[in-house]
Amino acid sequence: MSGSTTLVDLEKVSVRAGAVRILEDVSLTVHPGDAVGVFGANGAGKTTLLRLIATLQPPAGGRCSVFGADMYAADRFDIRRRIGYIGHTPGLYPELTLLENLAFVADAHGLPESEARRALELVGLSGAADRRTDHSSHGMQRRTEFARVLMTGPDLLLLDEPHSALDADAVDLVDELVHRTVERGGAAVLVSHDRDRVNSLATRTHEIKDGTLL
Amino acid sequence: MSGSTTLVDLEKVSVRAGAVRILEDVSLTVHPGDAVGVFGANGAGKTTLLRLIATLQPPAGGRCSVFGADMYAADRFDIRRRIGYIGHTPGLYPELTLLENLAFVADAHGLPESEARRALELVGLSGAADRRTDHSSHGMQRRTEFARVLMTGPDLLLLDEPHSALDADAVDLVDELVHRTVERGGAAVLVSHDRDRVNSLATRTHEIKDGTLL
Amino acid sequence: MTDAGATPGFFAQVMTIVRRDLLRERRSGEVLWVTLPFGAIALLLVPLAIGTDAPTLQRIGPGMFWVIVMLFGVLIAIRQTSAETQAQRDMVALTGLDPAAIFVGRSTASFLLLVVFQTVLGAVTIVLYNVTPTGWAVLPVVLLLAASGLALLGTLAASIVSTGRSATALVPLLVAPLSVPLLLGATQALEAIRLGRSSLVWVLLMATVGLLLAVAGILSARPLQETA
Amino acid sequence: MTDAGATPGFFAQVMTIVRRDLLRERRSGEVLWVTLPFGAIALLLVPLAIGTDAPTLQRIGPGMFWVIVMLFGVLIAIRQTSAETQAQRDMVALTGLDPAAIFVGRSTASFLLLVVFQTVLGAVTIVLYNVTPTGWAVLPVVLLLAASGLALLGTLAASIVSTGRSATALVPLLVAPLSVPLLLGATQALEAIRLGRSSLVWVLLMATVGLLLAVAGILSARPLQETA
Amino acid sequence: MTSTQHRTTVWPWIVMAVAGLHTFVASMTVSPDVVQGQLSRIMYVHVPAAWLAYLAFGVTMFASAMYLWKKDFRWDRRALASAEIGVLFTALAIGLGMIWAKPTWGVWWTWDARLTLTSIMFFVYLGYLALRRTTDNLDVRAARSAIFGVLAVVQVPLVHFSVIWWRTLHQPPTLLNPEGPAMDTAMVITLLIAVASFTVIYVAMMFKRIELARLEDEVLVADQTSSGPVAGQAVTAPGLTKGS
């Protein structure tokens, strides 16, 4: 881990689409060991907040830094390697197999293919490693995303409705992933509509309402 | 409602992808007033079962009928109008607004555009009716799908993980939809990983395991 | 809510699809802003590549026009299918629209877009290649027949392909042989006019091909959907 | 699992992208089974459309070849971007690959595909148009320069417009002007050889354009990603 | 909007009027060309318009490069202003060329490398302007258009040398000929006067356009910092009771 003591530091950040305000004056600090839950109604801006932290959504104003570096000034690709983000929809190539999708990410991280296989095993997909992604069920694709994040071992975990689409066995993956990350001195931000599950996981929770974080 | 007393009648139906057996010897009868819950692990074949009933997935063998008509011999487009299916991913056109997407379906069902507006109001999206679909959040798109099904008032409801992506206010939509349909003499099949929610809704439940329905 | 509305008639269903396609085009501007400029640029590049000898250009001008119209016309006609997701296909299927109405609606929308495409490219050809259009009576007929033939062909190809997933490969192989009679009909009809001969047989050829495609499309629409 | 592996060097990152693109192409077969046949069909249609007069065909053959290579080459080079989903873009961004390496990798993969494309279409041209290729020493150089220029151009244009969905519309407008020098260089170099003159200046023109595009692409990769 | 009162500058309008008049007087007083007669007077607008378009696009390239280097929005606005004026001048050159072509070549338009490439140049910079419209995000807009603004400039040498590379109808270089100007001295001087006046007009227009661009950017920023609607408020709890 880096020497800095804050992993995420947002200060009065706003996100807009033209005149429409999506997020307004959002401030959030995440320290190592934190597991932050974020709740909010549909369309409140939860996904936007996660993508902002993941350096995927440029802010309209305010100061934001991840791992102590200004995330929109620095060479982002260095800090991006340390972020583990799982969005609403799986970002996999449908024509490749599950293993090939993971192997690409492993390759980009300088990891051998064996790591990709091992990660698939961890999420219970060894048997389907060579199945094309578009021949795999929704839950299998979600599991593959978890395998990707397990494989790269990020310091900052950003999970968007992580429990959805996972079966009873697989929901434990979420806890597993969060615990691992937090134990190694990382942190997690979890967005969810499932308050019970997240409350039991999170060290603190926030609510998004009217574009601001409460 | 049609005079027939079974809405869905599957008899030893199997579904395959090449040599891979996805479903095997599945039999299922759904009567008016039934709300059937279906559980199963990731990749078990739940979505495949729903798409089979929705006449979207051709069977490899067995007999299947919906509304008393063989669903793969007859002119399916007549029975399809009476089916309300919500899949994993929203089937909306991203470049159209939410209202335009609904208006297309209304048009196809011979309903006026005002019905589309009213349906959007029912799911709490009046304020976002003119927002482009790709500028709407995941949950807003899911809600729009519920609006579509509310609008067309189907006799057979097929819901694939209906609770996911909906916020605390909107999950009631699922109950509402199921109750409405069942009250008018229709039926519902619900696939979910959320056993508690479905158990409270369903009149009976099944489990899919190793390609067969238990 | 209300009980389902009355099932719309065939024509109303066709119009539903036409409206949808034109609205989507208006929002995405794909034909207008991508295919059309690309086609025009193609016409511009040809003289740069093959040299600038005016008589040659005049000679090949109409031919180039037709080649570009055929190639890009197919792209226009198959545009919807290639980008469609499974979820969108499911949604359309469950609207219960008659597959034949969908076929006719899609073809009609493509036809309208192709007419715009042809008109603009035609103007570009006339200016760039110094072609003097002849046969003012027959020319519009030929253009409309070409547009409708291409629209039908593209829609048919797309609907055959959309059933089997990996079969996109088939589109060119399917379209090429079938577009040859259209191309021949169009070029030969205009050539005949230029030489003062009767173009009737060529116009009839195009009309026949169009008719065959329409019949094939309408008759195959349901069976194709059955296997979807 | 393990702590993250060591960050791969620039070249390793480039190879990661090249492998991914070629694997995706192998699985989807888009270039091989759709673009290539379409290009070949275009070459086939031209003689049908403009009439089969051997000297004319021979005269316009090389030019047609270049036009088709340019048009379809652009389609090949932008193929990845147009179909990419937001989720896939996010995933690639978070791999932390250097945007410049991504640019080089994509261009390289497109270059390899374009070389195949050119080779096949070249053979078709020779057969169909009865063209005798001359300048065996320079020809491969010209072909390789054209392929690399087009690959760079398409990749760059795609990355300039990539974020906005409706902006794909602009790709042809961005690509057309910059492809003119390539087209000019390619045709004029071969013309010079045919006339027994030196083609050096044209080859140099192409090389310069390619170099400029490479520099522009590499330098702009990060700023473009920063603002994504 | 900001509270400061914006005083619009007036002098560019005056300069434009004077320079325009200057061109007109000069081109009308010179004796007509021996071959082309009175028609040759079109040249004193056609040619400066074309050259100033070159200059404008050159400035766009320079300003774009400067933006990429300094990340200063003033350079972005300069690039935009120059490109827009360049498009205007290109249109002028094409329009006058067409008017000139009808009596001399007998057609409004014909296939000719310079004509084709000039119109491609026109569309390319229209594309530049269109590219700027694809986003409201100032940084994104500036970065993208700057990269394109640098690359698009290859059009200029292409148009200029097209008459040499493709030997076609259009006049080969007469004034900028490597072997010295092949033109009557009086005509050369008149042409230079016209070019000078056009340059003055260009500079004046630049001032006006940059001023306008600054205001536009301020409006955009104001719009993006004003309290517009909150996205999430469009979504409410489902109104189920109102249904059935």
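Order of writing sets the chain letters: A, B, C, D and E. Residues in each chain are counted from 1.
Operating definition for what follows: contacts are C-beta pairs under 8 Å (C-beta built on N, C-alpha and C of every residue); 3 or more make two chains touch, one makes a residue touch a chain.
Owing to the predicted nature of the structure, the values given are computational and were not obtained by experimental measurement.
Chains touching both chain C and chain E: B, D. Look at the CA centroids: the one farthest from the centroid of chain C belongs to A. The chain with its CA mean position farthest from that of chain D is B.
Note on interfaces B-C and B-E: more C-beta pairs are in contact across B-C. Chain E has its Cα centroid 57 Å from the Cα centroid of chain B. Distance between chain centres (mean CA atoms), chain A to chain E: 47 Å. Centroids built from CA atoms put chain D at 27 Å from chain C.
Counting partner chains per residue, chain C shows two or more touched chains at residues 1, 28, 37, 41, 44, 48, 51.
Residue positions of chain A touching 2 or more other chains, listed in rising order: 17, 40-43, 58, 88-89. Across the assembly, chain E contributes 120, 123, 137, 139-140, 233-235, 243-244 as residues in contact with two or more other chains.
The residues of chain A lying in touch with chain D in their complex are 51, 54-56, 58, 72, 75-83, 85, 87-93, 95-96, 100, 104-112, 115, 118-119, 122, 132, 148, 150-154. Note for the complex: chain C touches chain D at residues 28-30, 33-34, 37-38, 41-42, 44-46, 48-51, 56, 59-60, 62-64, 66-67, 70-71, 83, 166, 168-169, 171-173, 175-176, 179-180, 183-184, 187, 191. The touching residues of chain E, counted against chain C in their complex, run 107, 109-113, 116, 119-120, 123, 166, 168, 243-244.
Against chain E, the residues of chain A that register as touching in their complex are 16-22, 24, 40-45, 58, 60-61, 208-211.
Interface residues of chain D, counted against chain E in their complex, comprise 156, 160-161, 163-164, 166-167, 169-170, 173-174, 176-178, 180-181, 184, 188, 209, 212-213, 216, 219-220, 223-224, 226-228.
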